[in-house]
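Multiple structures are listed underneath, in C-alpha cells.
Next, two complexes with chain A in common: one pairs it with chain B, the other with chain C.
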Partner chain A sequence: MSVSDPNHLNESEYVESVRRERKRSQYQSAILSVIGILGFLILWQLSLVTGLVNSRFLSSPIEVVSLFITKLTDPRPDGAVIGANIVSSLIVALSGFGLAIVIGIPLGLLMGWYKGIDSFLRPIFEIIRPIPPVSWIPLTIVWVGIGLQAKAMIVFFAAFVPCLINSYTGIRQTREVLINVAKTFGASDFTTFLKVGIPYSMTMTFAGVKVAIGNAWATLVAAEMLAASSGLGYMILMGRQFGRVDLVILGIAVIGLIGTLITIIINAVENKILGWRKL
Partner chain B sequence: MDKSRVKLKVDNISQSYVVGDEVLDAILNVSFDVYDNEFLVILGPGNCGKTVLLNVIGGLEKPTGGKLYLDGEEIVGSDKRISMVFQELALMPWKTVMENVEFGLQIEGVDKKTRREIAQKYIDLVQLTGFEKSYPSQLSGGMKQRVGIARAYTSNPEILLMDEPFGQLDAQTRYSMQEEIQKIWQQEKRTILFVTNNIEEAIYLGDRIILMSKSPGKIKEIYDIDLPRPRNSMDPEFLAIRKEVSENTDLAL
Partner chain C sequence: MKRFVSVLIILSMSLALITGCGSSEKETASEGNYEVDMEKASETTLGLAPFKERQKLRIGFFTGSPLSYPFLFADKLGYFDELNIDIEYVPFTNGPAMMEANNDWDIGGVGLGGLTNAMKGYDLRIIDITDYEENLALFVRPDHPLAEDPKDPENWKGTEWIYPAGTTAQAVLVNALEEVGLDMSDIESINMDVANALTGFQGGTGDGLGVWNVIAFEAEDTGFVRIGDAGTLGFTAPCGTVVSEKTLEAKRPLIETAIAVFHLTTEWIYESDENMEQAVAWFLEDGENEGIRINQSIAERVMEWYRGPTTGEFIEIFTNEAPDEAGIYTKRDLIQAERDILVGVDFFISQGNYTEEDREKFLDDGLIDPSVAIGVKEMLDELQIEY
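Here is the complex of A and B:
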C-alpha cells in the first residue's frame, strides 16, 4: 500500500475521501457567496420596509426585479425595451473594445519590439495617454454626431491605452536567453518576434485586455449619458429625468451583471490560451 | 576524437565592451583548434569570459577582433551547423516538451510530421519518453535541461555549445546528468564545446580542457585528458590531474 494513514484506507478510498473533502469545501464557499448576496439584498429590502431609507431615493430589490420583468416587453418610459438597450450598449462597447484590441495590441507589440517604431510613436502616445477618455466626448460629437461611431470611438480611447501599454511592456520583458535560442536556430528578427516575443507577452497582454474591457464598459455609460438615444446609460439618464429611481437602479444593476458576465467569459478565454501557466 | 581533422578554428578572437569611459576586454586574443567529434571543455573561474567566448562562437555576439573557421571556411554570425544549450533553463514556458524540442526544426520550416519524428528520437534519447505533452513547469530541473539538450540535438548540428548547462542543478542531479551527457555524446557523436567552472566536471567529461585565466580572459593552459571513460573521480590519476589543474586556476572573487 502506497498511502499510509491512520484509518487504514486503501488508495482509491483515500483518493475518494480527499476528493469528497475538496468538494465539500467548494460547496461551502459557494453557499457563503450566495448567503453574501442574499444578505445584501435582504438588508437592502429591510432598510426600505422599516422606513430607514425614504423610498423616494431608493427602490427595493423586489421592485427592481419586477421592473426588469416589465421592461422585457414595455418600452416606456425611455422608448426601448431592456433587451434592446442591452444590445445597443453591447454593440457600442464591443465595437470600441474590439477596435482597441485590433489596433492597440499590434501597435504595442511592434513598439515594444522595434526600437525605431518605439522612438517614432511613443512621444505621441505619451501625450494622448493621460487624456481622460470622456474628454473626447465633445470632440467626437462634433466629428461624428451621437451615433454608434461616436460612442464606439470614446470607448476605443478608454480601452486602447491598457491594450497598448500591456502588450508593449509584456513584449519588452521577453527573456534575452529565449531570444538567443531562436537566434542560434537561425531565426530572423521577425520570426523571433512572432515565435518568441508575442507568446511571451501574452500574459501581460491579457491582463491589459481585462483592464480594457472594464474601462470600455465604464466609459460606455458615460458616453451614453451624454450622447445617445438608446442604451443602458441612456436608460439611466431617462430614469433621472423622469424621477424614476427604480429605472436608474435597474440600469446600474444590469450594467454590473453584464460586466461580471464579460469578466467570466474573458477569464475562460484566458484559461484556454494561457492554460500552461496554471500547471 | 580525430586529431587530424580540425572542425572549428578559433583564430585570435577578442571581445571588449565600452563601460563608462573605459574599454573592458572580456577575452583577449584567444586561439585554439577544436577537433572533429571532440568533447572539449572550457574551464575557468567566474567572469573569465567563457560565456562571451561561447556567445561569439554561437554568433550571438560579434567579436571586436579575430575570425572563426568551420571546416576551414570562415563563418560570421549564427550558423545552422552550430547549436547551443543554455546556462539558464531556456525553455519556452508556453510550449510542451515536444514543441520545445522541435522548435529549431519549426524555424527551419520542416513540416510537422517530419519534425515530430526527429524530435521524438531525441526525446527518447534523453529519456523523456512519455513527457512529450508536459509543460516545462511540470518538470524537474534535470528534466528541463534534458529538454534543452534534446532541442539542441534536434536541429542536427555539427557542433554543440554548452554553457554551464548543469550549473543550476543540485549536486546529485548534476552527477547523473554528467554521466547522461557522456552517454548521449558516445551514442550520437558530435563536437561539443562545454563551458564549466567545475574542475571535476571538466576532468570527468573532457577529451581536452582549455583552462582560461581571468580578466581579460586568455588561454592559460590546454590539458589532454587521456583517462579511459567512464572516468572515476576517485582514481589516483584523476586526482593527480585535478590537483594540477586546481593549482593552476585563478581564484574567482
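Here is the complex of A and C:
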C-alpha cells in the first residue's frame, strides 16, 4: 500500500502510513549519519595507517579513544582527569550560557515589544553586538578578576547576542491578527505581550538558544585561556604546551560531543514546549 | 542513488580535510651553495669566512627574552652582513606557538619548556644553549606574610599562585615549596600566561605570582616583593636553539656560522660597559617596537641578568661528558648540555607532564645534538680564532 495513493485509505490508515513513511525516512537518515561518521573515522584512521598523514600532526581515532579511557583515571599530563575537566568546563559554559538566557531573552522580548525600550537600548546593543567576545578578556580581568565570574562573563558575551536577537526578531514577527484578536477581547498590552507575543516568539527564541550554546562552547577555550587549573580548554592548552597532539584532539572531540549532546537536549526541550506548533 | 553520491562527496571532502593536516613539510630544506671565501676571513670583524653567495637565515625570535638577542645585536653590528648573510626574524612570545610554526623558521630560540616541547612534539634538535635563565621569579604583595618570612611553611599553605603552568615558572615554585618541605598539593594553582598573570595579580587575584624576564621586573617595579627566583633557588633553566634534522642537514654551514656569530657577539656584550649599554639600547628599542611594556631600567636589568655562554663555554657545554647525574641513563655518558636540560625534563616528568620513555627517547635519538658545537670548534680552529 502506497502513501502516494491516499484515496483508497481511510483516515486512520492514512495517518498510520504517513507515520510509517516518516519513521522510514528517519531511519534512513540515522543510518546515513552513522555511515558518515564511521566513514570519516575509517578514512581518518586509514590516512594515518597508510602514512598519508604524518602521525606527528594528527593522532588516530583509536589513539584518541585510548587516551580518553586513560584520562578517565589518569590526571597526567595536565593534572586533572577528563571527568574533572568536563565538569569544570560545563560549569563555566553553562554559567555564561545561563546568564545569557536569563538576561538576553527577556531583554530581547521587551525591546521587540516596547518601542521605548527598543529606542533606548538598541543603539547600545548595536555597538556591543559586533565586538568579538575574546576582546573583552583584558577588561574582564581588571573588572572581575580571573575566577569563574570572569570566564562566565566571556562566555556570556558570546551567548548573549543570539539570545537577544532571536527573541527580539521572534516577537516582532507576531502576527498582527493575533494581537488584534487579543485586543478585541479586552486584553491589556502587557497581557497580549505575555500571552500572544512571547508564545509566538518561542520558535525563533529556541533557534537563538541553540546558536548561543554553540557560541558558548566555541568560546570555552578562549575563556579558559584567561586563567584555569582544569577544563577542556585548559587541557587543550596543556596539550599544546607539552607537544601532545593527541591531548589537543581529545579536547576538541569532547567539546564537540558535549556540544552535540547539549543541542540534542535543547531540541528535546523545544519539542516538549513547542510540540503544539508541529503539524 | 542521490544519497549514495552525497555520502561519497562528504567522504571525499573528509579525506581532503584529513590529508590537509599532514601537508606540513619544511619548505626550505634544500641544499644551497655554502662555499666560503677563506681568504676574506681576515677582512671580517669576527675573523669568520664570508659566504661566496648571499645566504638567508630565518630565525624564530623570542621577543622580550634575552636568549635570542645576540642574533639581533650581531645584525646591528653588521657581522651578518659582512658574512654575506641576511637575517629574517620571525617573532614569537611563547614557545609552543613557535614550535607549531616551525615550518616558518630555520632555527628557533626558546626557554626550557619550549626545548622540551620541541623534542617531544616535533623531534627538533637542540644545538645550542643561549642563556641560563635566572630571572624566573616568585612575587607576593608587600603585606603578605610570605613577604616577611618565605621560610615559614605555614605562610605558604593554602596560598593561591598565578603562573604559566607546565613551564619553568612552575619549576621554580616547586623548588621554593620543596625548600620549606611542601609540595604543589599545599597550594592552589591557576594557569595564566605571564602578561595576563601580572594584570590579574595587580587586580587583586591570588596570593603569589610566578613570572619571568621583563614582566618580572615590571612586577618588582609595581611594588611586589620578590621572594625567590631560579638563581637563588639553584634551579638551572637553560634556554637554547632548536632546528629540524632536515634543515640542519641542508644548511649546516650557514647554521654553524650563525651559532658562532651568536656566541662571539655574546662575548662582545660582556667585553665592556659601553658594549653592554649599546646592547641595552637595542634591547629597549626592539622591545618598544614589538609593543612590550619596557623602559630603560627594565632593559638594563634584563641584560644584566643575561647569562649567555661565551664561545668557549658553549663548546665545553656540548663536549664535556659525564655520567647521568640521576643515574637513569646508562647507555653512554652525557654531555653537559644534556645534563643541564635533563634537570628541567626530570622536573616535568615529576609533575606528570612527560614520561621516563620520553627522556630515554630524547637521549637515544641524540636530540641534544653536539654536532654544531663540534663544527663551530673545527671552524674556529681552522680560522685560528681564539675562544
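Some points to look at:
Keep this in mind: the second predicted complex is superposed on the first by the 249 of 279 C-alpha atoms of A that agree within 3 Å, B and C clash if a C-alpha of one lies under 4 Å from a C-alpha of the other, contacts with A are read in each partner's own complex, and residues count from 1 in each chain.
Here is the rule we use: a contact is a pair of C-beta atoms (placed from the backbone, for glycine too) under 8 Å apart; a residue touches a chain by one contact, two chains touch by 3 or more.
What you are looking at is a predicted structure, and each value in this text was computed from that prediction instead of being measured.
Of the two partner chains placed by superposition, only chain C is touched by A:Gln241; chain B is not. In the superposition on chain A, A:Gly256 makes contact with neither chain B nor chain C.
In the overlay built on the shared chain, the residue A:Val181 is in contact with chain B alone; chain C does not reach it. Of the two partner chains placed around the shared chain by superposition, chain C is the only one that A:Leu58 touches, whereas chain B remains out of contact. When the two complexes are superposed, the chain touching more residues of chain A, out of chain B and chain C, is C.
When both complexes are overlaid on chain A, the residue A:Pro132 reaches neither chain B nor chain C. In the superposition on chain A, contact of A:Thr191 is made with chain B only, not with chain C.
Note for the complex: chain C touches chain A at residues 3, 7, 10-11, 14-15, 18-19, 21-22, 24, 96, 99-100, 113, 116-118, 120-123, 162, 165-167, 188-193, 196, 199-200, 203-206, 348, 351-354.
Those residues of chain A whose C-beta lies close enough to touch chain B in the complex are 175, 177-178, 180-187, 191, 195-196, 199-200, 202, 274, 276-277, 279. Chain contact summary for the complex, chain A toward chain C: residues 28, 32, 35-36, 39-40, 43-44, 47, 52-54, 56-58, 75-79, 137-138, 141-142, 145-147, 225-229, 234, 237-238, 240-245.
Within the complex formed with chain A, the residues of chain B that make contact are 55, 58-60, 78-80, 82-84, 86-88, 90, 92-94, 103-104, 106-108, 135, 137-138, 151, 155.
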